[in-house]
Amino acid sequence: MKRLLQVLAVLSLLATPFFATVAQDRNIFVYAHPVAFPNLDPSAGNSNENVVMGNVYETLTFYNAPGSAEILSPKLAVSWEASDDSMTWTFNLREGVTFHDGAEFNAAAVKTALDRTIEMGEGSSWIFGMIDSIEVVDDLVVQFNLLYPAPLDLVLSAGYAAWIMSPNAAAQNSAWFNDGNAAGTGPYTIASNEPGQRMILEANPDYWGGWEEGQFDTIVFEISEDSTVLEQMIRSGDADFTYSLPFDNYAPLAQAEGVVVDVTPSFQNLLILLNNVKEPSNDPLVRQALSYAFPYDDVVASLYAGMGTQSRGAIPANMWGHGEDLYQYSQDLDKARELLAEAGYADGGLNVVYTHVASDLDEQQVGELWRASLAEVGVDLEIRGLAWEAQWDLAINDPATAQDAFGFYWWPDYITPNSWLYGMFRSEEEPFFNLGYYANPDFDSLIDEAEVISGTDRAAAEAMFIQAQQMLLDDAAAIFVVDLPDIHVIRADVSGYVNNPAYPHVVFFHDLSR
Amino acid sequence: MALLSIENLTVEFNTPFGAVYAIRGIDFTLRKGEILGLVGETGCGKSVTGRSIIGLLDDNARITAGRILFEDVDLLRLSDAAMHEVRGNRIAMIFQDPATALNPLFTIGAQIMDVLRAHRPAKRGDLKTDAMSLFADVGLPDPAQMMHVYPHQLSGGQQQRAMIALSLAAEPDVIIADEPTTALDVTIQAQILDLLRVLQRERSISVILITHDLGIVAETCQQVVVLYAGRVAEKGAVEAIFAAPQHPYTRGLLAALPRPGSRGSDLQVIAGAVPSGLERIAGCAFAPRCEYVMEICRGQQPAFSDIKQAHQSACHLHETFADA
Amino acid sequence: MTALTFLLRRLGLSVFVFIGVLVLTFFVSRVIPGNPAALYAGARPRPEQVAAIKVKLGLDKPLPEQFLVYVRDLLDGDLGESYHSRRSINTDLSIFLPATLELVIAAVIIALILGIPVGVLAGAYPGSVFDYATRLAAVAGVSVPSFWLALIAQFVFFSTLGWLPLGGRVSRDISLFYPIAAQTGFYIIDAAISSNWRAFFDALHHLILPALVLSAYPLGITIRMTQASMLEVLSETYITSARAAGISQRVILFKLALKNAIMPALTVVGLSFAYSITGAFLVETIFSWPGVGKYVTEAVLNVDFPVIIAVTLVVTIVYILVNLFVDLLQALLDPRVRLG
Amino acid sequence: MKVEVGSTLWFLLRDRAAVISAAFLLAVALAAVFAPLLTPYAAQGMGDPDLGSKFTAPGIKHPFGTDGLGRDQVARLMFGARRSLSMGVLVVVAAMIIGTPLGLIAGYLGGWVDEALMRVTDVFLAFPPLLLAIAIAAALGASYVNAVAAIAVTWWPWYARLARAQTLSVRERAYIEAARGIGVRHRVIMRRHVLPNILTPIVVQGTLDVGTAILVAAGLSFIGLGTQAPYADWGVMISDGRLYFLSGRWWLSTFPGLAIFLTAMAFNFLGDGVRIAADPRLRRVL
């Protein structure tokens, strides 16, 4: 057996020179990507395909990376203005832009594209819920009439659903896109697609943004769900970029030659929604006790290898709406015991069910650490790993049989605090993502009011959003665990990379060079 | 003129229970051109004797003593290669059930040609001709068609004829026929025995006919060796022994024999059981079942005594019977 | 029994079994908890989207009706659409199934090529050192967890020795510069018929490690069965009679006995196939091999039940066909079964 | 095939591989049962973290190292053995309990009952192993019990077939004919006369199967359909360690893998030994 292996290996090695001498006349960037691209239809996709969308298609406005002077910058729109009541928005479009299929980019194209997305009603298209109609004012001027005041410039910068595709492409169905076809205005086009394995993008030579020496003409996505493969690729130089490695592997990797581990805050955080309706967690005292029993420091320091930060309220740091002065729970087992005693559980005897996505080791270990702490205050935590849909289904069906604690990641569809607050905590007839059944009329009216003024008076809105978060903390509606870091590993010889958490894990390849 | 002499052949089997004594020292001689019957009940060692001669004992068998002299060469001392030369070429074997002794997946022709090829280099055409003439010799119909026929397409008698053809292929001097007719009908049985006799006469082949059927021996053989529990009870010319059996065991066998010409029945008609191969036997092996048993029989193994030149028996009583 | 009636009987049985498989998988897949409509809707659906999709997918209808619709589509050759990727399962399987079959067939070939001669020799010399070593190896083969062996193999041949790639079907350079023109979906074959030798060797290079890992179990089975059947055949009278006729050991082992021994050993083709498929389910993910195993494990993770049923059905059909083929082959090779 | 227990045991004891295997399995089983007494890290074996000794390489304090939550891997293995071993055994026992009576009834009654039951087993056996178990385990939800149930559901047809074949050979025996002749009820005959006579080969097959069942169960656990945190079986341990395996923390997956490997091997050797010892025709091969 071993002998045969040797023979085979030698045979294969003999063959190596055959293909090792490929002329490197191309400048290739390899993105070792941890998941496949579920839906390549720009109207419908709202998941990890955003990295393809973000390079093949473009949005009207662009949300800048934190630290920039402006929140937004122009992309396909060069300028825009809102009416005083934020009900009518006018966008002036970039001139001389053509789609990959040769169609001209203009106001009609914008209308066709966005109408398609709204009409299909899939994916994140609901973010356009405020749009009443889209009007072509002029060849390069488009006007949006809204149903209610909203910050449309922010909405149109979204990393999902806001892409503008060519009118020809807009006439196609999802299957057409998923066969690897595309027609946007972006710097790259899809050259080939081996689903679940590899996708190759090629530079669009006619890109309106132009090309310079050193930029990449070919982008390869090597898809592997296996973090081991990703890690080996970036380590060996076989890939230029990756993410989603185990937190514990970054420190050793940072020591490796030619590799940079880039850690920046993200707009994503991990919460544990507590069931506000079901015994025993319907008692705020119990919820507070559960919050005090949570091992925040261990989770941050050990599970996230010190790279995340403990959450302060629902909105991650670095984003507008984050309250730096909000109350922050910390682990205090005595306090937890006191609260439990006050709630009538002096002798313990409490059973709590925590669910998490089965394939998520981090969420699982959060549960394992929490379980050990809870055991000390007499609470028995059952950890249940489920498929995401199963976990969600369990939560929405009946609060009485639902889990007590729901491990949950949240990220914004477009960058507004209300994404968290409305999404997870506003009372609903039939809960959809308010999976802890939190219901507080004061909270509801506060965030509704804040949303209305956020298009016109962002500062006042921000104060109200922060006030609303204090209510959540008082009620211990959820355990706000950790603001996650964006950790990207990139080869040191690549320059120009800046992480933009508004577009999670999207690399804008046009910015890079080697 | 001894072609093959067996001298003090002793064979043991290794089993998890210990050594099993299959043959406890036997002697007999096969002369050229004669048919010798090797008779006994199941387990008496007659098949083991046959296999010992051709060197095809099972892996767990061990020949612990004795010689097998074939033309004055001790077969037991031959190398594997030399023994391989003997098999088929000088000594061949026929088996009890031709249905299992012929390979079901090859045509009869292919099997006989394998044998022919193993013994002499020849052109394919010649091999074929030779094979067909062998089929004719053993009385198989339509030899040309036989080349393409599989064993299962033949009747039992035809299969045994084919088997005999196979054993004749390399023109051996000795054929060991291990119960060649047991699996066949009575009428077919007679035909096969006829064939053996014819071959013996015409090709002057010597045959060791292993059987449990004294009737067959009476009809076919010139010499007979009666085995009991791995020892020779009595041996000699067929007429002499059938006329005056000396050993009580032989007498028992003959008494149980049905009328000549009808099919022989099983020989286990003497009361009692054959001793286990696991036991060491101090005296006469037959003593526990013997109606004439004496004190001496249990302690001392009877020596051979010549009754006449061609008739020997191993019994303490032999003189009594001789006198009777 | 003639080969024809045999064939008809086996075919009839297979059709029945297939219907049973269909009913069983459909039933099992509909018990899966979770909300398929929400899965179909994407990462962060709205309630009205989910409700609309439920109607669109017919999930609001009673189960028997859903089953009938499914069978009707199936008869049209339509395996449906993945709820997770929304891609046509037919399209996906046309890519993933050949990948798995390439891997599995390679593993079966390795198992047979290594296993049969080793089994024959071990059976021919029972009690020898070779026999004991072989027996140990065979038991090791059927006892080693394939997914663990895959990790160890990666550690040894990729990390330590650097001889073989970590995973995937072809190198990036091949995709970029020497793409394989897809015809059969078997990269090795496609590359060979288009004389794309760089791609051919590259694909082979990628195939070695997963195929070897996958072959461990079927290799163990093949050795065991060949050895056992050889042992049995060699104790048959016709082998003794061949020996008695002076036929050489070489001819006996590798001509006469092998043909007899291979008959029962042919069942190992079916078994090897089955166990390689099983192994593939666990091992493909580790080797980033884009086959049905990886496809279905991801589908399980996502409760993507159209994919789960489709893969179960298709793989089971392939498996039934392989067994049918083996049975037929056995019948054809055995002269005792009359032809026509 | 009725076998004397005495001689079977006698033969078994002569089979060195089987004896060593039995001793090994006994040791593993004892380690599993008495784990709390044998390791100073019993709490860690049950899931408690010790973040201070996270990812410790094998050494004197932790011979097999620690995992990402700092838990001693020897303790985890010992507690994991409880689940891995019991999964294998439970699968086989459950499959026997389902399969044997069905096979017995099919073989004894014959006719359409036989035909129907055997066609059902055909359907189950048409699936490549593991595939159906994956589907069922996914449907039931990931847990230790469900994994056992899922595998048992795919496993019973083998026992049904075996039981049926054995029943067919036993059915025609004189004492059964006699019992039927004097009007003993079918149920009584099946239970009193047939069942005891077909059990031996079924138990032998069971011994052989436990190793494979452990492998299959580990496979399910490996893809996340088995034991749930904070507990772990060996398959889960390999799966958890895999992320770190090529990044220098080789010990996490290596030891549980070895544990499965050796245990499955031991069951195979023991099963082979039992099979040979229980079947007089095979004893010669020894």
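So that you can tell them apart, the chains are marked A, B, C and D in the order they are listed, and the count of residues begins at 1 in each.
Please note the rule applied: a contact is a pair of C-beta atoms (placed from the backbone, for glycine too) under 8 Å apart; a residue touches a chain by one contact, two chains touch by 3 or more.
These numbers come from a predicted model, not from an experiment.
Trainee: Of the other chains, whose C-alpha centre is the longest way from the centre of chain D?
Mentor: Relative to chain D, the chain with the farthest C-alpha centre is B.
Trainee: Taking the mean of each chain's Cα atoms, which chain ends up nearest the overall Cα mean?
Mentor: Chain nearest the overall C-alpha centroid, as shown: C.
Trainee: C-D or A-D: which has the larger count of contacting C-beta pairs?
Mentor: C-D
Trainee: Compute the distance, rounded to whole Å, between the mean C-alpha positions of chain A and chain B.
Mentor: From the centre of chain A to the centre of chain B is 89 Å.
Trainee: What whole-Å value do you get for the distance between chain C and chain D if each is reduced to the mean of its CA atoms?
Mentor: 24
Trainee: Could you state the distance in Å from the CA-based centre of chain A to that of chain D?
Mentor: Spacing between the chain centres: roughly 44 Å.
Trainee: Can you work out the whole-Å distance between the CA centroids of chain B and chain C?
Mentor: Centre separation, chain B to chain C: 53 Å.
Trainee: If I count partner chains per residue in chain D, which residues reach a count of at least 2?
Mentor: Residues 138, 141, 224, 242, 245-246.
Trainee: Among the residues of chain C, pick out those that touch two or more other chains and give their numbers.
Mentor: Each of 32-33, 126, 154, 158-159, 285-286, 300-301, 303 in chain C touches at least two other chains.
Trainee: Out of chain A, which residues touch more than one other chain, so two or more?
Mentor: 228, 232, 358-359, 386-387, 390
Trainee: Which of the residues in chain C come into contact with chain D in the complex?
Mentor: Listed in rising order, the residues of chain C that touch chain D are 13, 16-18, 20-21, 24-25, 28-29, 31-33, 126, 139-140, 142-149, 151-152, 154-155, 158-159, 231, 273-275, 277-278, 281-282, 285-286, 296-297, 300-301, 303, 308, 311-312, 315-316, 319-320.
Trainee: Applying the document's contact rule, which stretches of chain A touch chain C when the two form their complex?
Mentor: 1, 4-5, 8-9, 12-13, 15-16, 18-19, 22, 26, 28, 30, 36, 38-39, 44-47, 121-124, 126, 174-175, 178-179, 192, 194-198, 200, 218, 220, 222, 224-226, 228-229, 232-233, 238, 358-359, 386-390, 392-394, 396, 413, 430, 432-433
Trainee: What residues on chain C touch chain B, complex-wise?
Mentor: Against chain B, chain C makes touches at 126-127, 236-248, 251, 255-256, 259-260, 263, 333-336.
Trainee: Over in the complex, which chain B residues touch chain C? Could you list them?
Mentor: Within the complex, chain B touches chain C at residues 54, 56, 59, 84-89, 92-93, 95-97, 100-107, 111, 114-115, 118-119, 150, 152, 163, 166-167, 169-170, 176.
Trainee: Can you list the residues on chain A that touch chain D in the complex?
Mentor: Those in contact with chain D are residues 227-228, 231-232, 246, 248-249, 252-253, 298, 301-302, 358-359, 361, 364-365, 367-369, 371-372, 375, 383-387, 390.
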